[in-house]
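Let me give you the structure first, and then I'll get to my questions.
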Amino acid sequence: MVRKYLQIGLFVLLAGVIYFSFITPAPQQIIGEASRIFYYHIPMAWLTVVAYAVNLIYAIRFLKTRSELDDFRSLWSAELGTMFCVLATISGSLFAKVTWGVYWTWSEPRMLSIFILLLIYGAYLSLRAAIPTPERKGIISAAYSILAFPTVPFFIFIMPRMMLSLHPADSVVGKNLHFTMGGTVLAIFLVSLFSFTVLYFWLFGLGIRLYKVQLSRSEEA
Amino acid sequence: MALSLTVEKLSKSFGARKVIKDLSFTVSIPGSLGITGRNGSGKTTLMKILCQLVPPTNGKVAIREGEAEIASTDCFNYLKMITPEMALYEMLTGYENLKFFSTLAGVRLDHTEQDELLERVGLIERGDDLVLAYSSGMKQRLKYAVALLAKPAILLLDEPTSNLDDAGKAIVREIIARQRSEGMLIIATNEAEDLKQVEHVIRLDN
Amino acid sequence: MSSGWTTKALAVLAKDIRTELRTRYSLNALFMFAFTTLVVVSFSLGQLSLGVQVLSALYWIIIFFASMSALSGVFVKEEDAKTAQTLRLFARPSVIYAGKLIYNMLLLAILCALLTPLYVVFMNVTVPDWPLFLVVVLLGIIGLSGATTIIGAIVAKANVRGALFAVLSFPVLLPLLVAAIGGTDAALVGAGWAGAENHVKFLVAYAVIMITTSAVLFDFVWNG
């Protein structure tokens, strides 16, 4: 029963975000209407990272517990993360076209880090597909997940400093965006961030419930 | 100092398929055990679990020295297994294989001891040839020499006499007899002749 | 972890070198791959005069692809020949990892020693700052083998290894490649130590992080 109300609550929140993100004035005057994508792009990018963190936590846990459920949680979060990562890449690319005039640039560290996450997710899923035995799938892919993790902070924190020494300020990204987060903009953004995060955890929980049902069915059979 | 191998409520499943169910037994030194069962009944899997190469789904395997349990990461020091699923280095000679594995086992073998080992398995004349040039029976014999160089307290043999000619079988019988009286021996086989060599037999059939 | 540990790790290394000298399984493939790539690049870009940034990027791209052709061999060979199972009953995982890591480092070092002079000749490169160049290459080799050795062990447990090795390695190696290209660039421009400081520091940090993480994870991968 509680679950039902939470679902309705999530629906209302997301519907509200979509509605208000379009009827309120555009959040950034220079870019104009297209800047509304910001309400969606940032939550997607954020959830890409959250999903990887969840994947990583359950990967570490799986190496200790060796429970198939932990392995499934890890995998399921990676699958959801891949979806958010694709959405973040596409919305980011559109955003880049409008702001900087190109769909893609390698000198923007945030775009690069999202792209690297896409590669890691892709590599993780192909690795799983290439291992025949289920037990081994879990162990080996968990190890890869942990190994690839240190590269993520690199692109977010260290890369910008190193690129500075490579490229002077005349790069494409010279025009930095300053969002003056006024009251309404900030409110819509925070609600959007919150409700998409809840959406992720709802999907995550849904997958696990489905997995448990299938597991108990196959045990009965 | 008495070494024992204990299996407690061990089970192993691959996905939904249960291979080993609730198995418990203890073997101490000196002692011997035979494991038998039709193909696919989990003999090799059980052997691998005993060597800590494969984790069990439930239950545990422990090697104890008196009361003290040996850490699972150290177990390999106390046991060696000979199985068709393992191989030696084909691009090394018989002697080089012996030397390499004795360094890894932390055993110093001088030349006479190496010769003795090869003599015992009947390979003394082929010691300087690459393993690549060995027949499958000879490779099997060299595996015995390599496993024995570490003087393991526990020796596990998976299908010990498959691939061997009569002379080879005689060599294995001699090794089995000695291991049975001096240490612990576990054999997985379907050969009635081999099962006669051990004190107890476990049948894996579900 | 006493002196016995070192002896054992070196025995694994010596065993691999000996087998390699008898079969030339990886060294030939590694070198010929790098050489062919170099010739293809040099031939197709022959008429153009390339900037320093492009030259340093090409150098590392050649090394990256060459290592993808050979560095997983150390584990793939053991799994395929079924000797991995035997090794598990004779040594601790850390011993195996250390031996294989040093082996891959040596393999890459030999590759770079052969490739660099050819590269200088074919691509018409002048290196004003050899010490810096060599330091960057050396650190690059350590980081590259630090990351790929464990990925080789991962790949050895899977199917379709060739393609998978590159797919798994690329995202993990990208930071290293960025830093190594930057450092090489600094050495070719003659920017001196000050110009390469960030890159060199990063290369050291990368190698340390990758080797420590691999050492922890290797037990799971090797026994998995």
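A, B and C are the chain letters, set down in written order, and residue numbers restart from 1 in every chain.
Definition applied: contacts are C-beta pairs under 8 Å (C-beta built on N, C-alpha and C of every residue); 3 or more make two chains touch, one makes a residue touch a chain.
Given the structure is predicted, the values throughout are model-derived calculations rather than measurements.
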| item | value |
| --- | --- |
| Category of the chain touch graph - line, ring, star, complete, other | complete |
| Core chain by centroid distance, with centroids computed from Cα atoms only | C |
| Most distant chain from chain C, judged by the mean position of its C-alpha atoms | B |
| B-C or A-B - the one linked by more C-beta pairs in contact | B-C |
| Chain A and chain C, separation of their C-alpha mean positions in angstrom | 31 |
| Distance between chain centroids, defined by C-alpha means - chain A, chain B (Å) | 50 |
| Chain B-chain C separation of Cα centroids, rounded to whole Å | 37 |
| Multi-chain contact sites of chain A, meaning residues that touch two or more partners | 135 |
| Chain C-touching residues of chain A, taken from the complex the two chains share | 63, 116, 119-120, 122-123, 126-127, 130-132, 135-136, 139-140, 142-144, 146-148, 150-151, 154-155, 158-159, 161-162, 165-166 |
| Residue numbers on chain C that touch chain A, as the complex places them | 147, 150-151, 154, 157-160, 164, 167-168, 170-172, 174-175, 178-179, 182, 185, 195, 198-199, 202, 209-210, 213-214, 217, 220-221, 224 |
| Interfacial residue positions of chain B with respect to chain C in the complex | 51, 53, 73, 76, 79-81, 83, 85-92, 96, 100-101, 103-106, 146, 150 |
| Touch list for chain B against partner chain A, complex | 14-16, 55 |
| Residues of chain A defined as touching chain B within the complex | 66, 133-135, 218-219 |
